[in-house]
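Just so it is clear, A, B, C and D label the chains in written order, and each chain counts residues from 1 on its own.
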């Protein structure tokens, strides 16, 4: 397998890491999108056989670098976090379908929860480059888990909520989704835990604003071989399972079925 | 000896394979996804995802769990149904000039298995059938046919009668006596035996205090099962005359050679494709390198090399 | 909650265990060797190596092969015979004040199994028998009793009649239907079911072009088999009323908790002792820590927590 | 598991490594013997579950260090060779029964083949410390595989053979076992591949010199639990299997049965 070099690995919060690697593909020649993911092997031992999907957080075309931000929660991501600058890592991607940018958008709402926040950063960067006004609602468990705040502030009007109120407002991201917040918004983009996505979809459905949700499913292959990562989608063909690694992880909110 | 002097070609069921390595069913979809990685002509043959009469949704998620040196899956035969497979999937594979195509057939009762085969008979876009009587992931996925020798024989007989192409039979390892199963299939007319399908397993999500997979149980695959697969291939190759195809935990050329030496005529690679999309061409290269380093001119020299009983047969 | 508030005591077959973790037969010899590592009073109980009527040499070497996340062994019931076990081995274990001793009994025919049990009846130095009808490593090692429910029942009945102590029955995973086996043993009087013994596997030495083990096949153990073991424990615990003891690939406290949640009353640890001589006390500590972190006061709360069917039973 | 620190790792020949580690036990308080082995985990992943036995090559009581010399042949020992100074390694030992020194020995013959040479070094050191005269026959495949020659020359009269004649005499260690070589020898000690041990035993049996062979068997546990490592021994109890990890790896030559 082609391996790429780790350029930086740093802890940015309690159990959270930022890793910068040389891009496995030439970014300037590839049609990468925010919301796509990279698929990492975490060990060269075969006891961790499955790759770990981690979303693209930032792409640096000039230097052909990509940044990911991830939580070292299980054994696999813990191993990933032990890599240091100069080590190499086996990674493929960017894979899947990301967030569409929509030329006509005047103002976009991005909603991130926890480890769902990082993929929205490259999105915000790209939207901003097109002149779109951005409102970002970022939710975290607590202040010590808050990440990328300054990065978002440079691009968007930022609102923060935490479960325990230790930073920003106490509560859930959906608590902020009132009429004034969505005023003038033409697109929304959300990434975070499934209950959050469900609540966001429900809260914004009446508004008629088109939205995109980035879904999370356990993956066998990440490249469309196994049908392990499916999610229920309702579209013109009715309700059916689609592969989130290939057709997603980002889907139009109105098509996503939460069961 | 150089790599160039090594001949890896094998033949079974009348199929000519340029090398003995093919993807295992369900681990390579219908092949299209691999375009971005390599030319499918590098494969010895291709085995596509299990195909049933009607479209199947498959099981609820999560469908995947990682286990030590292995994984559990509970996909549950999700597939678009034989009609769409013939129309949308198989024709694509014919653009690869030297790629035998094997269709994995699954179902619930003899009747719907036979109906799939009848429908397939009209297609020119495949070369053999792999009869899947071993999927552990669906209540009515044919696994009862995979655990009872008489039912297996009945099924094989019906499929052989229905099919105008060779029929391989894929066996489940979840049985007391694998030889008895293989012999029943051989007697009923199977042209080849492939094994193993997955072992039935489970993982518990201790935080949720429930089985992790949506379906409760799933099929165990990967290097963890290799010793079981090798033992079964060895036993079956010692006791049947038709070709045996070895499957289970193959990640390296050396793994593949173990199966060939145990008596397999060819091998299938499943889970390794997930860990390493380039697994199959890499395994082919590794086999070739091993042969060159060991003065093996033709892969036939290795087949059954560790299993004298298999060499006296087939 | 602190570690001190956690109660790990379990009870089965009338045995009082201070914690639910014991070594698996054949993976702890007769206990003496572990003196240099820790106090055997830290064990929930001890299960000693399989004991037969006469001394057995066991199989030719090599007897050990490493496999992905597992190992193969083909020891073949090497043991000094019941006489010497009673005289030289068991008395030593009585110096550990709170250590129930379980003797694993093996043989060839019902008669010699029964003879071992008769001989054991006179010893005061053990508390229960684990009937091993599942050793895959000897031609006449009782595995035929482990794969046929009627033969299993016949054996269990004979041993129950012969024994003046509780009888656990240890099952082989190499069967089509583990529930049928367990139910047959329960109906015949088994006081508990322990599972799994090893899966039959093989490794090929590609340089020698022959099976690596002297005996050809061996028993697969270690984390690789854990998903299969968990599935079988779950199935059996859902379908019998006697206590189930979970075995197979347990290396960590979390592994043990998976088995308990699947419905096991206690667990045995085999291969992990080889990788880490301190495995059992470490696993006990890890269970305790998990319980404390999750507010679990008594280990009973976890038993069957992921298996409602098992909770409605036993 | 208790871990100990790697102090030095160096390649000393083609595929051969010398590793120095802090002793897992206090050497000055332990009754360690030359010929005992250390039992290493080669990875913290569970795909390499079995420990690797490597003989003690040198013990340095003053600094509480032990040296092992090993061939990185399979995947496990290759991983071991990737450890660097400062890393820690999970190791137990020294285990088993080593070479007895025999107070009364006047002259000892030590015979090593390939990777069987290293354990004889600590033996030679100990014998020498007791004033025993030492003759060493060391056999290697070829010159590029020859190791520890200088170390042995400092302690013994050294004879070298290689399979291809690229160093010393061309041939086998047994080619040198003529009458003049064993003249005055009261004990012999051999370690190497099984065919060599068998040949050495056969060649020296007529002489009546007491000898010790260090055997190699695949081990499950290394501490007497599994009965995986047995070898056939003939003693007062007749022919039976004994555990080489516990009763060996060193046995009196006359008791060892080669089948």
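Keep this in mind: a residue touches a chain if its C-beta (ideal position, glycine included) is under 8 Å from a C-beta of that chain, and two chains touch if they have at least 3 such contacts.
Just so it is clear, the structure is predicted and the values come from calculations on it, not from any experiment.
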Given chain B and chain D, the chains that contact each of them = A, C
Request  = Give the label of the chain whose average Cα location is farthest from that of chain B.
outcome  = D
Query = So, what's the distance in Å between the C-alpha centres of chain D and chain A?
reply = 56
Message = With centres defined as the mean C-alpha position, give me the chain B-chain C separation in Å.
response = 34
Task = State, to the nearest whole Å, the distance from the C-alpha centre of chain A to the C-alpha centre of chain B.
result = 36
Key: Contacts with 2+ other chains: residues of chain A   = 46-48
Task = Note the residues in chain B that touch 2 or more other chains, in rising order.
result = 68-70, 222-223
Key: Chain-level touch network, classified as line, ring, star, complete or other   = complete
Key: Residue ranges of chain A touching chain B (in the complex, touch as defined)   = 1, 41, 46-51, 76, 92, 217-231, 240-241, 246, 259
Key: Touching residues (chain side chain C, partner chain B) in the complex   = 67-70, 72, 147, 174-177, 199-206, 208-211, 217-218, 220, 222-228, 230-231, 234, 249, 254, 257-258, 261-262, 290, 302, 305-306
Residue ranges of chain A touching chain D (in the complex, touch as defined) = 43, 45-48
Ask   = chain D touches which residues of chain C in the complex?
value = 26-29, 33-34, 36-37, 49, 57-58, 61-66, 68-71, 73, 75, 78, 222-223, 251, 271, 273-278
Query = In the complex of these two chains, what residues of chain D are touching chain B?
reply = 46-47
